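Read through the structure below, which is laid out as structure tokens, and then see the notes.
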Amino acid sequence: MLNVAVIGAGRIGRVHARSVLAHPGTRLALVADASPVAAREVAESAGTRWTDQVDDVFADDQVDAVVVASPTPFHVDHIVAGVASGKAVLTEKPVDLDLRRVDACLEQIRGSEHRVMVGFNRRFDAGIQEIRQRVLAGDVGEVEQVVVTSRDPSPPSPEYIASSGGIFRDMTIHDLDMVRFLVGEVATVQATGHQLDPVTGDHHGAVLVLTARSGALATIVNSRHNASGYDQRVEVVGPRGALSQANHRPTAVSYSSAEFSDRQRPWVNFFLERYAQAYAAELDAFVRAVRTGEAPSPGIADGRAALLLADCAVRSAATGRAVAVEELDPATATAVAPTTAGGQQ
Amino acid sequence: MLNVAVIGAGRIGRVHARSVLAHPGTRLALVADASPVAAREVAESAGTRWTDQVDDVFADDQVDAVVVASPTPFHVDHIVAGVASGKAVLTEKPVDLDLRRVDACLEQIRGSEHRVMVGFNRRFDAGIQEIRQRVLAGDVGEVEQVVVTSRDPSPPSPEYIASSGGIFRDMTIHDLDMVRFLVGEVATVQATGHQLDPVTGDHHGAVLVLTARSGALATIVNSRHNASGYDQRVEVVGPRGALSQANHRPTAVSYSSAEFSDRQRPWVNFFLERYAQAYAAELDAFVRAVRTGEAPSPGIADGRAALLLADCAVRSAATGRAVAVEELDPATATAVAPTTAGGQQ
Amino acid sequence: MLNVAVIGAGRIGRVHARSVLAHPGTRLALVADASPVAAREVAESAGTRWTDQVDDVFADDQVDAVVVASPTPFHVDHIVAGVASGKAVLTEKPVDLDLRRVDACLEQIRGSEHRVMVGFNRRFDAGIQEIRQRVLAGDVGEVEQVVVTSRDPSPPSPEYIASSGGIFRDMTIHDLDMVRFLVGEVATVQATGHQLDPVTGDHHGAVLVLTARSGALATIVNSRHNASGYDQRVEVVGPRGALSQANHRPTAVSYSSAEFSDRQRPWVNFFLERYAQAYAAELDAFVRAVRTGEAPSPGIADGRAALLLADCAVRSAATGRAVAVEELDPATATAVAPTTAGGQQ
Amino acid sequence: MLNVAVIGAGRIGRVHARSVLAHPGTRLALVADASPVAAREVAESAGTRWTDQVDDVFADDQVDAVVVASPTPFHVDHIVAGVASGKAVLTEKPVDLDLRRVDACLEQIRGSEHRVMVGFNRRFDAGIQEIRQRVLAGDVGEVEQVVVTSRDPSPPSPEYIASSGGIFRDMTIHDLDMVRFLVGEVATVQATGHQLDPVTGDHHGAVLVLTARSGALATIVNSRHNASGYDQRVEVVGPRGALSQANHRPTAVSYSSAEFSDRQRPWVNFFLERYAQAYAAELDAFVRAVRTGEAPSPGIADGRAALLLADCAVRSAATGRAVAVEELDPATATAVAPTTAGGQQ
């Protein structure tokens, strides 16, 4: 039985707390939140302990693993402290909004990277798992094109957007990870934003085109709003065939009348409902990794890679040109920057 | 080039006239209708000759084949006269509403049955053809269950119904032929009517359960009306799988909004639109049969068999019990009637 | 918190035990099974007590409610004992295979009928709930036709079938309850079985046609086996429109290749997976009924009504004629039997 | 009755010849092709005259209208000669592969632009017509995103590709017209090609992102090959909803087995089958425009606009940056070129 503490008793923290409660191999040992009201509410409904001092988590010998669901600016601190105190860590995405802080985090946990998993929940969706396995089995042949459609039902508050890092780092980052999951490393990113919000200065919509090192071309279509609910589709095409994941609905009921046929209910509305199964499977993958000692996947390097692609998207949307990932990667930028600055893109 | 005359310039006669015009191997040689106005209208728009004397058709040496689209009470006379004058005949269903007249017709054309085809148009629908070929190829294994859903968009006029022979002989007869086409000969018929119309005394809806000699069980669900259009579905199930034909829509466009997802237009409204391809394929099969001298299928014996099943349905709906086909078949009834009358069904 | 005991630690008992564990308002207080091994296994994995003496359940003051998941022959005894000991009862269907025993049970619990719920789980399926609510809201108008397709993925063992009461009482009973749920009381039943198994003497397939008192016509298509999984569809049609529930699949992934398009995985395989949500909702409805003191629905009278329809189906399949429900109902049979025996059906 | 000549007796010329034959308001008066064999074959099967001298068409007083289905390099000459000889012209796309020749053509037919229609057949597809009408009716609100998926079943020959002007001018041009049809004029084009063919030097796949002047963002996903047939989908999204057109299949039959459910046949294979209805509707629109004297739509200006967008795509794919349409338009380029050359894109 793995004793798990959850840091953060907000919306996503509660999702993880419920997953921990429901998993047969985990025990919810502690809930931490700077707000004692929130921490207490979650802990009491689960019959467990709570604290408003996050350091209690790291000092607690009974805690084997930590789920980091705190606000994004605290993720790195909590990851580092978790690893330092010998605990396995499952952190919500993004690791941080600043690539340099992510790199600093990696520096600090060096040698223990295999103890940290990043919560790209969609990788654990049963449909996405099926697509990936079929792609690996050769059902479509060498992947040539991927199209990810990802539209939220409605935008978050302007306050949230203002501190979110923008659509590419906040929302698209899931789709960027999906592209890496399905076609591997990305070489160039081209992004076009639209529907600029005068209040937040952020785009409400965007389309990205990514060239993978494999030669595949991936397209991401994003919007912060969608009338009929949470639009989450993926299409993977190769010379032998195509795999596609359709949206989910609450029921399989359709309605026909004199005006129409086979009308169905709007899509399942948002990520908590749509990815309920994925969050549970994600926790299960984490638990198995902790038990076997193997590196969990996706790891913190995957979190870094997705953030780097988001940074490329920001740059591309601002300049109107495709951005080579190497250009913006601190690990490689010194060498390539002069060349690309010269416009030979 | 096959010179074809069309007898009957009503709705279905016009369908056949158009098919003859469009077929590369046929010429519309003559249009006959007791109404000179109707005959003339169809003939002139097609640039051909017309007559209001149907006997002109049979006397015309330039006519190779006749499409009988006259009112049902004239079918037998026109079939017999057509065959007698050496012409191939494609007749609309039903051959007649009275099985004895059909048998008399068969008697009169004995030896020339292969010159007459009966227009069960649905057999030529591309989807039904695909299902039949796959069934023959063993895709579902030995057929166990067939479900035919057949609902018209709206009922015909009370006048039409009054002379139609009732729902089983007028509407279900197509579905009865479909069952024979897919599972072969039928042994027993059970029929339950409902929605009895006080004006016409006919049922607006019915469900039939037929036991095939093969052991398969076929279900037919009928209604004279259906809000979302012409409901025409077929499902064939066996131990290895199932084949099903869905309804057709005018376009493949779907609409999603805040209230619903993937709403589509109502089904294609009625038989002229839904089976346009089938009418053309039916004529083509007739033309090929005339050319090769082979017996066309479905033949007049198929028309007789479907009518016999409809008679069984009438009896079953009136008595509340399953009716053995042998019971009502004049060819076998003498022997079996006393037994079944005794209630040992 | 409602303290619940589960009697029966077999397959369906375990489903209920898990539902009780997962429900926030219930506690699994005791597991009883004549097999101590089974009882212990379920209880220990749930961290609760167990017994191999079912009477312990009724004697236990800490138990508020009982889930009866014992073999069918014990249902009545356990219902009666549960009610007698002051506990609310949720019993698996069927109440019994013998209508007289059900009537005896009703006699014994007279005045406490509102303390017993019968587990027709499909009523609680989210899709069926949606259909019912829309029917009540008038979306299709007055219901005219219902078609229930219900095919199991594969037959149970011959031993099970031999003691099951036959396909109508064992399998169709769910569909009979569904028809009552959607169109109300049934007046006549016509049933045709096929695929008679030489070993068990039971039909592997059947089609039923039921006339509701409302005038609606309901069709049930059953099979003990289906190649592509658990086939569970419902269609409700009225003058204003149609509602239909499609099958469920494990994911929303489709696959297209050179040979086909949009191929999907087989249906969710069987009832535990297909109706997982329904079992949880059923328990929740039971808990709410116990709390409010209102009679749960479906109650034992619904269990009796479905069994009576199954008896009618057995009679109809044996005689080839439609059976009036009144004929076989002990409560009304005396009066109507002579008439129907005279053949005026 | 409109007397129509068809220039070009190749694949697409034969499509038009058939449409002219089938249309009740047109007569196929003459077929012209440099190959007398081809011209004769088409003309004789249609029972009309033929010539291998294209000038015969323009000199023929009995010809009212001309369908230009000659090889692309001859389009402009035939359009100009047709207009000069007083005939209405329906020309296949593209008008030419060189924008300057298109502009020269426009110059030569100045004042008679309303006599020329360009054959962007997809505009006349019933599904696309439905989408456009619903967009105009406000069903989705102000259009925000369009996604056009367009994949051919298999690539043309290397010889064809070599003279085709490349994927953007040959294949994407239809999708570029579709975007203009649905969201109006385009401001910028970003194109990314992949799957570079070493033989032809052309891309086999590409993704384009276009910013419309309205602010809408349109995405085009192209491939020269697709395993399951001709992939032709369109999605239009706005704040109130989404409209999407699915692929067409030969029948509505689906097949389920132990390994899968609802497998269907591959998509209708290519444009002649998929757009058969659209070609007929296109001719009908042309005939109506000729009769009323109104300018047909799409006109030659639409042909020019689509070609200009294709030129922008070529430039963008070569440079990796978004291209402003004004940059490459000879009509506006002088003014804007210096600025964009300065990199302020």
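For reference, chains read A, B, C and D in written order, and residue numbers begin at 1 within each chain.
Note that a contact is a pair of C-beta atoms (placed from the backbone, for glycine too) under 8 Å apart; a residue touches a chain by one contact, two chains touch by 3 or more.
The shown structure was predicted, so the numbers you read here are calculated from the model rather than taken from an experiment.
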When I count C-beta pairs in contact, which pair ends up with more: A-D or C-D? A-D
Based on CA centres, what chain would you say lies at the far end from chain B? A
Computed distance of Cα centres, chain C from chain A, in Å: 42
As a quick test, compute the distance in whole Å between the mean CA positions of chain C and chain D. 59
Centre-of-Cα separation between chain D and chain A, whole angstrom: 41
So which stretches of chain B touch two or more other chains? 227-228, 240-242, 247, 256-258, 265
Across the complex, what residues on chain A touch chain D? 140, 144-145, 147, 149, 151, 188, 190, 192, 194-195, 205-207, 209, 211, 215-217, 219, 221, 223, 225-228, 237-242, 319-322, 343, 345
In the complex, the residues of chain C that touch chain A are 22, 126-127, 130-131, 134, 139, 240-248, 250-258, 265
Counting only contacts in the complex, chain B reaches chain A at residues 227-229, 247, 249, 256-267
